[in-house]
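The following pair of complexes shares a single chain, subunit A, combined with subunit B in the former and subunit C in the latter.
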Partner chain A sequence: MGNQVLGLGAASRSSQLSGNPFNLNRTYLRFSSPTFLAIMLLTMVPIVVTVGLSLTSLSYSSASPTRFIGLRNYERLFEDDRFLQSIPTTLIFIIVPVAIQLVLGFVIALVMNERLPGMGWLRLIFVAPMVLPPIVMGLMWKVLFTPQLGGINYFLSLVGISGPSWLTDPPWAVVAVILAALWGWTAFVALIFLTAMESFPTELYEAAGIDGATWFQSVRHVTLPLLRPTALVVLVFRVIEALAIFPIIFVLTNGGPAGATETVNYYAYVSGFNQLRVAYAAAIITLFFALLVLLILPMMRSLVQDVQER
Partner chain B sequence: MKRPLILALLLTLSIGVGSLSAQDDARPYDGTELNLIYFEQPYFAGLRELLPEFTEQTGITVEIETLAEVPAIQKIQLELAGQTGNYDIIGTSSANLPLYAQNGWLTPVQTFIDDPALSNPDVLNLDDFIPSTRDALAQDGTQYCLPYFAATVIMYYRMDVFEEYGITEPPATFDELREVAATINTPEIPAIAMRGNPGAAGNVWHWNLFLRGEGGSFFADFPTDLTPTLDSPEAIAATTAFMDLKQNYSPEGAANFTFDDVVIAMQQGRVAIAIEGAPLAGRILDPEQSQVVDKVGFAVVPGGAAGRFPPFVSHGLCIATDSENAEAAYLFLEWATSADVFKRVALNTAHVAVTRNSVWEDADFIAKYDFDYGGGSFLAAFQESLNLAPFDYYPAFPAWTQIGDIIGLALQEIEIGSKTVEQGLTDANDAIRQLLEDEGLL
Partner chain C sequence: MTRRSLPITITLYIIGISTGIVIIAPLLWLVMLSLKTPLDAFALPPLFIFEPTGQNYQQILADPVFVRAIGNSLIISTGSVLASLLLAVPAAFGLTNLKGRIRRNLMLWILLLRMVPGMVYLIPYFVIYNQLDLLDTHIGLIIVYLIFNVPLIIWMLLPAWNAIPRELEESAFIDGASPLQVLLKIDLPLLRSGIIASAILAFIFSWNEFLFALILTRRETITLPVAIVNFMAYEGTEWGKIGAASVLIMAPVIVFGFAIRRYMVSGLTAGAVKG
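What follows is the complex of A and B.
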């Protein structure tokens, strides 16, 4: 699988075809090695250093000298309520927005694929959130959610609903962050789905039509199966990217109120940059990395299987 | 024949070395570039305006970089820990000084004060600094930084609202404050605004005045006995009083209020009492933005059984250990904290938190900042608060960075109701004990 991901599998397969595997492989390696090395240096070195740091006691807010303490930071982490609380929070912020984005993105793409008038303009408007830096997104939503300035509660009051204190009530703060994330990235999912749908062969739909399939049946039996590989790619991307929610949390809630929206990476940030416990932060981020790998590995595997099957 | 040759040689040399040797005696640091970093305050805006004069005198140019408070402090700590040498001068509050000093990140200004070739005692005039602001930036008799900002907190109140309800005197105790708050609180104008965002510069900054006022403390006996005492009856009483005000008589969203939110709420007339930094008076009463100019009175913050404890911190400018231009940096510090510069910055900007007695006594300064609208002088309330403010408002040791964070979070948990007062304080107390045990301090 590793070979597949790095593209080496493709090279060895084509070299088998050419009948001169050795030479081609060498040329391939020669061309790719500088990039490969650069990427390895830029990713592996920080990872190794971080893991190494996590085994020490380095903290600028501590008076005791830095020394090797083995797995002590990790032991402490599993007794740390704040850390333990941040794990479910992180999972919520990955699973809920990504699931809704996939469903919503699919529905939007379906509608836009119907080529109704004005869709070109709609598409343009849809891209708008994607060009905004997340920090700007966060600030914008903060203004909307703030009770005194509050756009949202004002409009809710027009229809007779008294809006919640979005950013000071823990469950609502979670909802607020999820709403901002949905607004920011649903369009991305929709656009990728739409591009995929536009490339589907029309013959299949015509055949389905001849067989008497309704619109829903053709969506269910033609569009959805064809969309599967795209959906997998989108899923992997979105899960990896879901933690780009950090700047939104940073601006919107600061991980609050009282830690309700604090994700694992946000807690690492707080430990490292506010409390200056560098080694402890390194331990948190190492576990976070492990968590991400655990989440993404099965998806990558089915993605690769999917590619191989075709 | 020989002399012109030597002269010519010297001339060539001096051109070669550049302007540095050309004006040897008068401006020995000509051409030096200094970099300063801290968070945005009116003081720095004022300094930027006057910088050309300093460059004129010394040939030294200074780049002043200012960010928002928390990012600035984070960046400074990263730069210092990484020994990047990017900044010659950094700002710090007295609360962070122990951390910086312990890590050897600063060259004490004392080194240069003691150097007669560099220091100008008339300009420096150490005795003119308000003693608490100066001594807060020294350790074991060594002056680390020079103070430019005397921070304390006062109570701003709306005289018109008080009058409407027949209240003649500003509340002096926590009980009176609660009574007044209950009387004047309305949905349109809630009674009181205080900080709610977690942290040493947030909710802890205001809560501690209740803690100390009720006779509580962070530790059994700092610095000899560091047993945390946040679960004491005094701490529980103080927190209950603080939370009562925040939960029942504060604007919506107060659990997240930063100093900015408090200032704006008061400035826009959306709250009747604000307990907030005295140095922010210039903003609260800014004639161009404020809707409450003429209506605000000033008082020392209320107290409890143990007395009144206005918060106190001193901000100063310091020289980074990894600076290659420490002498030039000292010359800048001396200039930037001189009485003359302070006075002009105070008059040109909203920088009122000046740290020199001579400026506080200056007629122009008093004329600009007295703000007496019939509810007493602002400067009098400010000065009285500075006199009452405990020098050790926060415990001065490096672990405070983490402890402030722990308490801030606990207070927010209590405020939004996810923990009771007792539970929140007990948990925080346990976390602090654990931390100190890890550090080998307990």
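What follows is the complex of A and C.
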């Protein structure tokens, strides 16, 4: 309460208009709070319910009554090979695509930033992967990876490579999902880098030119260092959203073959909605969410600092 | 500017053109597939020149499930966008005028919400909706999509709001306007393009969303992304029809995407469009 009063005092003092009641935080909170309360309700209640459920035995596949079983679901998780296998799979599907997206996205942004004559269309078509429904993206890659429908293996055969059976051979299925993820999200990374590059002061490049820097040197010593903060933001967003490949895995491999492409959140989906072990799935999600919060909270603070007050 | 040497310029062109081909080719392949007869679709080597047929589109548009899914997707996406705007615009107005810690904390919280993976909400919403009889209803999905669309719209509107000169609002206050009047008469007209862009992005998100639609709908309110997956399960070999359905689903979002491409980066960093 004391804090609030102090805050209000500071707000009205800093106003250029003395005696204008509308600069008070209280007035504006009236506009914001209904929405924030509604969203709070829609998010916090489900999260609490998830944690609560994870401590019970709720299962839609068994007739036995639901009981409170404490941490039993969590204990079981650490003996569940399928769960344990899904952890490295998840890490692979986060680290590999995001790393390649950052490198490729940087290279493509560099190319676009040169404003080569006749290449303006590239910017336009970059919109397509960004808005394409993920489920359509998954279907599209399913078509391309299916040997009978030609696509990728046909083009490989043109250069004398006999293509693998992408979706039925475990390691190649992992590669297939990664390729689809690269197609889907590299354009987004490139566009963010490009937006940042376009805001860089041209004087720096002019100075580099006067000093006799080659094109490579100016990229290395001007562009790259300036891009560092943007790269951090992109990294945070991409890591957090890397698991949005769920629909792609769903159509492309369904988590298979032999669980090779099953991520933690995919396994949570399977436990909850195929095996109907709702409480068990809730335990997987709770664990996953706790790790995520620990991981992203420190990164978030630095992101919000960029948002200045007007 | 530093000068590029000719080999570098050529390399840049090669990278640019191959990037373009890699992006376009899969989409063209899908469009071609949608125009092929089943026989042509399985021809090896693949046919690049063939007599296009509209039969896949005719069949898919004659399918009552698919037609119902179009209606459901339109109702749910539009409903969610309208409800989200109603909640997000006043919230953003308040937020942009708030000062100090409370503002910082609310912003942090919005950003955090955008980042929570949908899977976290999936199980509780299924259990709760099961109790409340909200499974397989339009309103059920509309409510869930608020979680993603309201923060997205707020986050997209804040920069636009910061661009409105403070003096404009303050002179209205001197003339005796209330904050609500300032919002409606001064800010909203100035924010029109930002609001439309954020509404379109929210529409694209709702239209594309798959996970919640898969779990929270059944026969009655099935949306397009779920309908097409069911389609694949039941008519697995009819790739032409699957291609046609894909093209029909992606056409509107690609058109919308082109229309708001200037806003794409700021909107998407507030959270991906992809569910």
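In this section, the second predicted complex is superposed on the first by the 260 of 310 C-alpha atoms of A that agree within 3 Å, B and C clash if a C-alpha of one lies under 4 Å from a C-alpha of the other, contacts with A are read in each partner's own complex, and residues count from 1 in each chain.
Operating definition for what follows: contacts are C-beta pairs under 8 Å (C-beta built on N, C-alpha and C of every residue); 3 or more make two chains touch, one makes a residue touch a chain.
The shown structure was predicted, so the numbers you read here are calculated from the model rather than taken from an experiment.
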Applying the document's definition of touch, where does A:Leu124 land relative to subunit B and subunit C: first, second, both, or neither?
second
Check whether A:Asp169 is in contact with subunit B, with subunit C, with both or with neither, and answer first, second, both or neither.
first
Quick one: is A:Val159 in contact with subunit B, with subunit C, with both, or with neither? Answer first, second, both or neither.
neither
Check the contacts made with subunit A and report whether subunit B or subunit C touches more of its residues.
C
Looking at A:Ala63, would you say it contacts subunit B, subunit C, both, or neither? Reply first, second, both or neither.
first
Using the superposition on chain A described above, determine whether A:Pro257 touches subunit B (first), subunit C (second), both, or neither.
first
Tell me the contact category for A:Leu294 with respect to subunit B and subunit C: first, second, both or neither.
neither
After lining up the shared chain so the two structures overlap, which partner does A:Phe273 touch, if you call subunit B first and subunit C second: first, second, both or neither?
both
If I apply the document's touch criterion, which positions on subunit A are contacted by subunit B in one structure and by subunit C in the other?
148, 273
Residue ranges of subunit A in contact with subunit B within the complex:
60-64, 76, 82, 146-148, 165, 167-170, 253-254, 256-260, 270, 273-277
Subunit B - residues contacting subunit A, complex
70, 74, 77-78, 81, 99, 102-103, 197-199, 251-256, 265, 270, 397-402, 405, 409, 412-413, 415-416, 418, 438-441
Given the complex with subunit C, which residues does subunit A contribute to the contact?
3, 7, 10-11, 14, 16-17, 20, 22-23, 25, 27-36, 38-39, 42-43, 45-47, 49-50, 53, 58, 107-108, 110-112, 114, 116, 119, 121-136, 139-141, 143-144, 148-151, 154, 183-184, 187-188, 191-192, 195, 202, 205-206, 208-209, 213-218, 233, 237, 240-241, 243-244, 246-247, 250-251, 265, 268-269, 272-273, 278, 281-282, 285, 288-289, 292, 296-297, 300-301, 303-304, 307, 309-310
Going by the contact rule set out above, which residues of subunit C touch subunit A in the complex?
1-5, 8-9, 12-13, 15-17, 19-20, 22-24, 26-27, 29-30, 33, 41-46, 87-88, 90-91, 93-104, 106-109, 111-113, 115-117, 119-128, 143-144, 146-147, 150-151, 154, 158, 161-162, 166, 170, 173-174, 178-179, 182-183, 204, 207-208, 210-211, 215, 224-225, 228-229, 232, 239, 242-243, 246, 249-250, 253-254, 256-258, 261, 264-265, 268-269, 271-275
